[in-house]
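Structures for review follow.
In the two complexes below, chain A is the common chain; its partner is chain B in one and chain C in the other.
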Partner chain A sequence: MPARQLSVSIPTVTRSIGRHALIAALAAVFVLFAWLAPAFLSGANLLSVLVNNFALLAIVATAMTFAVSAGGIDLSVGTAIDFASFAFVSLVLAGQPIPLAALGGLAGGVVVGLFNAVLIAGIGISPFLATLGTLFVGRSVQQLLTNGGNPVYLPPTGVPDAFRFLGHGTIVGIPVPLLVAALVIAGAWLGLSRSRFGRVVLATGIQASVVRYSGIALRRYTAATYILVSGIAAVVGLILTSTVTVYIPSSGNAFLLNAIGATFIGTTLSPHGRPNIPGTVLGVLLLSIVANGLLLSGLNFYWQQVGTGLLIFSVLAIGFANRKAAART
Partner chain B sequence: MLVDAPYYIPGSLAEPAAGNPQEPRNDRPAYGRQAAALALRGGSLAVFIGVLVFFSVTAPFFLTVGNIGNVLGQSAIAGVLAIGLTIVVIGGGSNVVTGGIDLSLAANMGLSAAVYATLVQAGQGDAVAIMAALGTGLVIGAVNAAAVTLAGIVPLLATLAVMNVVAGLELVLTQNTVVPASSELLAALSASGPLGIPVLAYVLLGFTLLVAAAVQFTPLGLRLYAVGEFPQAARAAGLPVKAFVAGSFIASGLCGGIAGILSVSFLSGSTTGAGDMLLPVVVTALLGSVFSRRLVPTITGTLLSTLFVGFLINGFQLLNISSTLVSGVQGLLILLVVSATTLLRRQENI
Partner chain C sequence: MVETVRGEVGDIIRLDAIVKRFGGAQALSGASMAVKRGTVHGLVGQNGAGKSTLIKLLAGLHEADEGRIEIDGKAYDRLTPHLVEELGIHFIHQDRLLVPTFTVGEALFLGREPRIAGTPFLDRALMRRRSGEILDRYFGLRLPHSALIADLSAAEKQIVQITRALLDNPKVLVFDEPTAALVRREADLLFQLIRRLRDDGVTIIYISHYLGEIAALCDTVTVLRNGRDVATLPVKQTSAAEIGALMVNREIGDLYPKPHVVAGEALLAVNALSLANRYANVSFTLHKGEVLGLTGLLGSGAKEILRTFFGLETATAGSVAVKGEPIFTATPAKATAKSLALVPEDRRRDGVALELSVTENTTLASLDRFSRGVLDRAAERRATEDLVKRLQIKTDGIEALVKTLSGGNQQKVAIAKWLSRQSEIYLLDEPTVGVDIAAKVEIYTLIGELAQRGAGIIVLSSDIEELLGVTDRILVFFRGQVTREFISSQTSTDQILSEVTGAYETLSNVG
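Take a look at the complex of A and B:
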């Protein structure tokens, strides 16, 4: 090895650039927008990035990271968000106390996870197809429940303040959505990289057959993973509903592609290309900063999507090309 | 799964939840499985025919030449897209996450349609506009191909990123408005052909025939299947695996361009919201494999599944059933089909 050190030094350099493509991209967009739009660096704006762009997507992407870590994917996170939102709104309208309604909302989201768990761990359908099916069935169920997709509004008056707390409240000056996101991220990080459950999930993603042959109840862990994913996504449903005080059928799907994007952008941070919570969080941060910065820099709104897409594309290209090079040596 | 796939697999997304295709298959002829596969395939055809019979009995106008022609015509756009996706799935392997998939198809159609409509509105002739629309599709396909085969990004992600860029470009071009367009080609496409059946219906059938002939009945098509299902064996046999995968994405891009032109003729212009076509098209293409003998994706199977969905929507409309049920039925269908195939495979592996 020491003898080869010299000859591989150039690939090593490019590889370390590839490894840090995500951090470099974050730093670059940060500097770029600070220079293009002076308002970008203001405390109020940075806080709004965190609360409006970052918090909710970060929670969804964290959930997605669990599914991808286990070697799968969950296309029905949006469905879990919607079901949670619908259950929450319905219970509040029925006059239930807010804490109970929130619990009901979480349960509504978990129903989606249970359905996925039966399909994936029970029957053994590949996660992509199973959750794609769930997405379609879920959309139809929502339209049936709402007379063809009508939003369910909460009356402007008579909604208890407690309802708005999740979306608009603050605890010691910190907005609740941000606080919840931080808790979810910290919990997910501990769960994924510091617990037995997380180790099994990661091992499943690397080589499921080895997990099975090690005598671990693989199916039980797989089921738990998808239930957990929908449970985390359900939290977003509660916050979203509390923020906008309305349930719009199938609105949760808006998070889906960005959550997948952030999770896979995050994999470029790991030397082995594995999904990881810090990477996911940085990925979400990158997407949020780009979305906000492009808005502030006054670029044509329609070019913003092109810019975001190109950026994601280049981070992925660098990350994957680098990983390919690493696999070759 | 595909241990040495032409692109890098992150972690092992490749590991399916159940079954392990890498395990040696038993050599004795699996009559039980054949019977079960026959039951599934026959079953899905039986369901298809059953649905047709049900609608013919309950909806008086269902079984008329005009109505069937309409369904064919209305299915043309989705059909061409689903066929494009099928080519990618055949060439990339049927594992949807690590294998072939093209999420940029619907956005591709939107951009190609916008390019075509904008050029026609700007007074360009049909020839220029057609070339530009197909060229747009080809370029998008080529970008996907490069991202997958050169940069080594997983198709799911590569095409996801390309989808975002393409959808953005469409917005830039149209400013999110409807671009009306009329030209000789569009008039010819949206007219009625022989038997009072829309020309689009004939286009769909002709296109399917052409692609099916190329994919199912030529050495090229056989090699495409080999590359998708057994990339290592294909490489050992001297096939240029990467070139085939790249070719499948370019072909699918071309399908996006063609679908774009068809959609301009169907809607008399380019409209926004092409992205909504994505998931239904994915489901249609994946569903198509139940209509094939060996439960693999085929062009004719995709046509059948496109028509199945088309007839369902049409029948629901004729019976005044809310068409919102269609997405639920599609979802349930895919779950049923995939559960059945998974259970079959599991039996085989024991």
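Take a look at the complex of A and C:
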């Protein structure tokens, strides 16, 4: 019965295209830039996309995915990056051994998460407002610590090589930032979609009162979520500092909007529109390729932003339209 | 046996032996209904019993294959929606479309706008006056004519629909599941309105699957089952339980399949428990295998004490012990650790997560069981499939989102969550509100099974017949005190009702 087969398969096909709008968009921009800018396809360029554009943003966006999954958002991921970076640089300057300084850096970032946890889980302020407040406070604190925002440089000599390892090192030929990103992504995927913690975070984001009525210590999970987000973001602070050997106040905020964008682009990969790590990673990949490709094709910087915006719009629009269609059938 | 009301001369509508087939499916196979002028006539039946087909025939939306339709003593071969409206029969559908971008005034007079005599201009003053009279008289309210339909609440939209019908001075108003989207207070207002309309001589046909509404509101009720009317009864001479039994074709006893269980050791001991301004000095013990009923009016303290057990409120004095161990400063997490389970009244907000799957909901309270570092999803699926089978949860598979399930099946998921945790003390807060009769019986059966397995169950309900049917004992709360304890098998609905409302107290005060 061919007619019947047809009536079943057409909606299925269109739906899977819609579900995979993100993958289709990735393929499209890849082909487009390969055609527009021959340099794009070179191995060196693709590696640079992964190390310079992808790795750090992927880590920040992974952190953001936890906050969005819990029904919130974290606007202070940049603050956690900066605090980690500041603590790391300060401890190195104070002559501490690199591993200890790195641990101190992570702790510096986690302080931001603890602050958010108190505001959100303790006092009950909405995540958007609480982390916005942290963003502002964090910026002022950094200005106070640095005489109004002066960068803190490490001296060109006398810095141990170990310091540069996080940013510039390789292990079996793979750049360390990319390796760290892969580890964080794998861990976050397990944590969010395969662990008890992730299930509770997801349920909290969907219907918090049911979590509470299921006898789960909701506030403890919420607090843990924001601490985890800052902890992951702090890793970026360390890598960033190690790469550029300088702490620049409030530089972490550069990742914020792209991380949010990638997370929401990623939700289109899920049949129920849920935030998910694979989706977020593909979202970051898409943004990274677009940033690099537009640069190589010599487009005006401002047009690059327009291009990125249009791309986000179209992926989200296809994803939502498709979910609406799925809800009707 | 019950006496069946036969068609009489005073009937405004008579549907006689109606047969309707859709393709091979027989929707109606000889359904009859006679509606007396000036009465409220209930029409009940399970989903698929033929209620909506019968009503669509009356509305002229379908044509009967066989049978006879009489309106006001005159037989009609063929009804059209237009003719039905001319005969003065109007329909209030819960999902009847009002154009959301119209104003109240436009929606009320759509298609029949009065004009200023001799001109093509709308008589806005007349429109406002006529709708104002009706709104004021029946609803005691003024809806601004310029308000947008989209901005109205579900109750206000219904008022617009009813007002639109009343502008035509209808003889018959048909309400199709009118309370589905209303909160309790709004539903009460609707019932008042329906009684006033009846007193003003309007005949009402009221379709619902909430038997409590039928019992409270209707003069007569027709029960449909499998496309046929199985009984038409005067409501005063029947009970919600009898109507329910007729709908599902069971004996009343079968509605409440309560097994006999000998109560065991004490599970939950409550000693002089008090919560300021809510309840005071409440003491009782719940045993293994026992089903204990709580009832009382809103604010009587019954609901608050249930919430206290689950750690949602903190008692100000007294103590609660589970299996001899006292619970201090309870939270829901501590309560569940002590094997307590709450099935909350607001199912769609607190009981189930609508956007999570059946599996994700079922295992939410027992994730420890499935967590070995990472979640064992195969074990989750197995456990959920077992519970879906055991509770007869009707779903498109265990990965379907819970929002796609019917109310009764959502409630079963809310209970399954605790079965997965193997809780021992179940606190059920109005467990069958918004649940159809077949699922109700399944929930009652489950309560009996749990008791047999040695669980202790507290059922809070305002449905007294349900309480008498499923519980062993009933505690009545009145103004924060347990005023009386009843043995369910030796008690009548009236005894409990008068205790619930404090009638004794009032009477003795007066006397």
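Everything that follows uses one rule, which is that the second predicted complex is superposed on the first by the 309 of 329 C-alpha atoms of A that agree within 3 Å, B and C clash if a C-alpha of one lies under 4 Å from a C-alpha of the other, contacts with A are read in each partner's own complex, and residues count from 1 in each chain.
The criterion applied here is as follows: contacts are C-beta pairs under 8 Å (C-beta built on N, C-alpha and C of every residue); 3 or more make two chains touch, one makes a residue touch a chain.
The structure presented is a predicted model; accordingly, all values stated were derived computationally and were not measured.
*Asks:* In the superposed arrangement, does A:244 touch chain B (first), chain C (second), both or neither?
*Replies:* The answer is neither, since A:244 touches no partner chain.
*Asks:* Tell me which partner touches more residues of chain A in the superposed arrangement, chain B or chain C.
*Replies:* Of chain B and chain C, B contacts more residues of chain A.
*Asks:* Regarding the shared-chain residue A:179, is it in contact with chain B (first), chain C (second), both, or neither?
*Replies:* A:179 contacts neither chain B nor chain C.
*Asks:* With both complexes overlaid on chain A, does A:215 touch chain B (first), chain C (second), both or neither?
*Replies:* Second partner only.
*Asks:* Which of the two partners, first being chain B and second being chain C, lies in contact with A:207: first, second, both, or neither?
*Replies:* both
*Asks:* Tell me which partner A:32 touches in the superposition: chain B (first), chain C (second), both or neither.
*Replies:* A:32 contacts neither chain B nor chain C.
*Asks:* Based on the superposed arrangement, let me know which partner A:119 touches: chain B (first), chain C (second), both, or neither?
*Replies:* So A:119 only meets chain B here.
*Asks:* Considering only the touch criterion stated at the top, classify A:134 as touching first (chain B), second (chain C), both, or neither.
*Replies:* Only chain B; A:134 stays clear of chain C.
*Asks:* Mind sorting out which residues of chain A both chain B and chain C touch, each in its own complex?
*Replies:* Touching chain B and chain C on chain A: residues 206-207, 209, 272.
*Asks:* Give the list of chain C residues in touch with chain A in this complex.
*Replies:* Those in contact with chain A are residues 331-333, 335-337, 342, 344, 349-356, 360-361, 363-365, 367-368, 370-371, 373-375, 377, 401, 417.
*Asks:* Quick one: which bits of chain B touch chain A in the complex? Just the residue numbers, please.
*Replies:* 8, 10-20, 95-97, 147, 151-154, 157-158, 160-169, 171-172, 175-176, 279, 282-283, 286, 322, 324-332, 334-335, 338-339, 342-343, 346
*Asks:* Spell out the part of chain A that touches chain B in their complex, as residue ranges.
*Replies:* Counting only chain A, the residues touching chain B are 68-69, 71-73, 119-121, 123-130, 132-141, 143-144, 148-149, 204-209, 222, 257, 260-261, 264, 267, 272-275, 300-310, 312-313, 316-317, 320-321, 323-324, 327.
*Asks:* Of all residues in chain A, which touch chain C in the complex?
*Replies:* Per the stated touch rule, the residues are 190, 194-196, 199-200, 202-203, 206-207, 209-217, 272.
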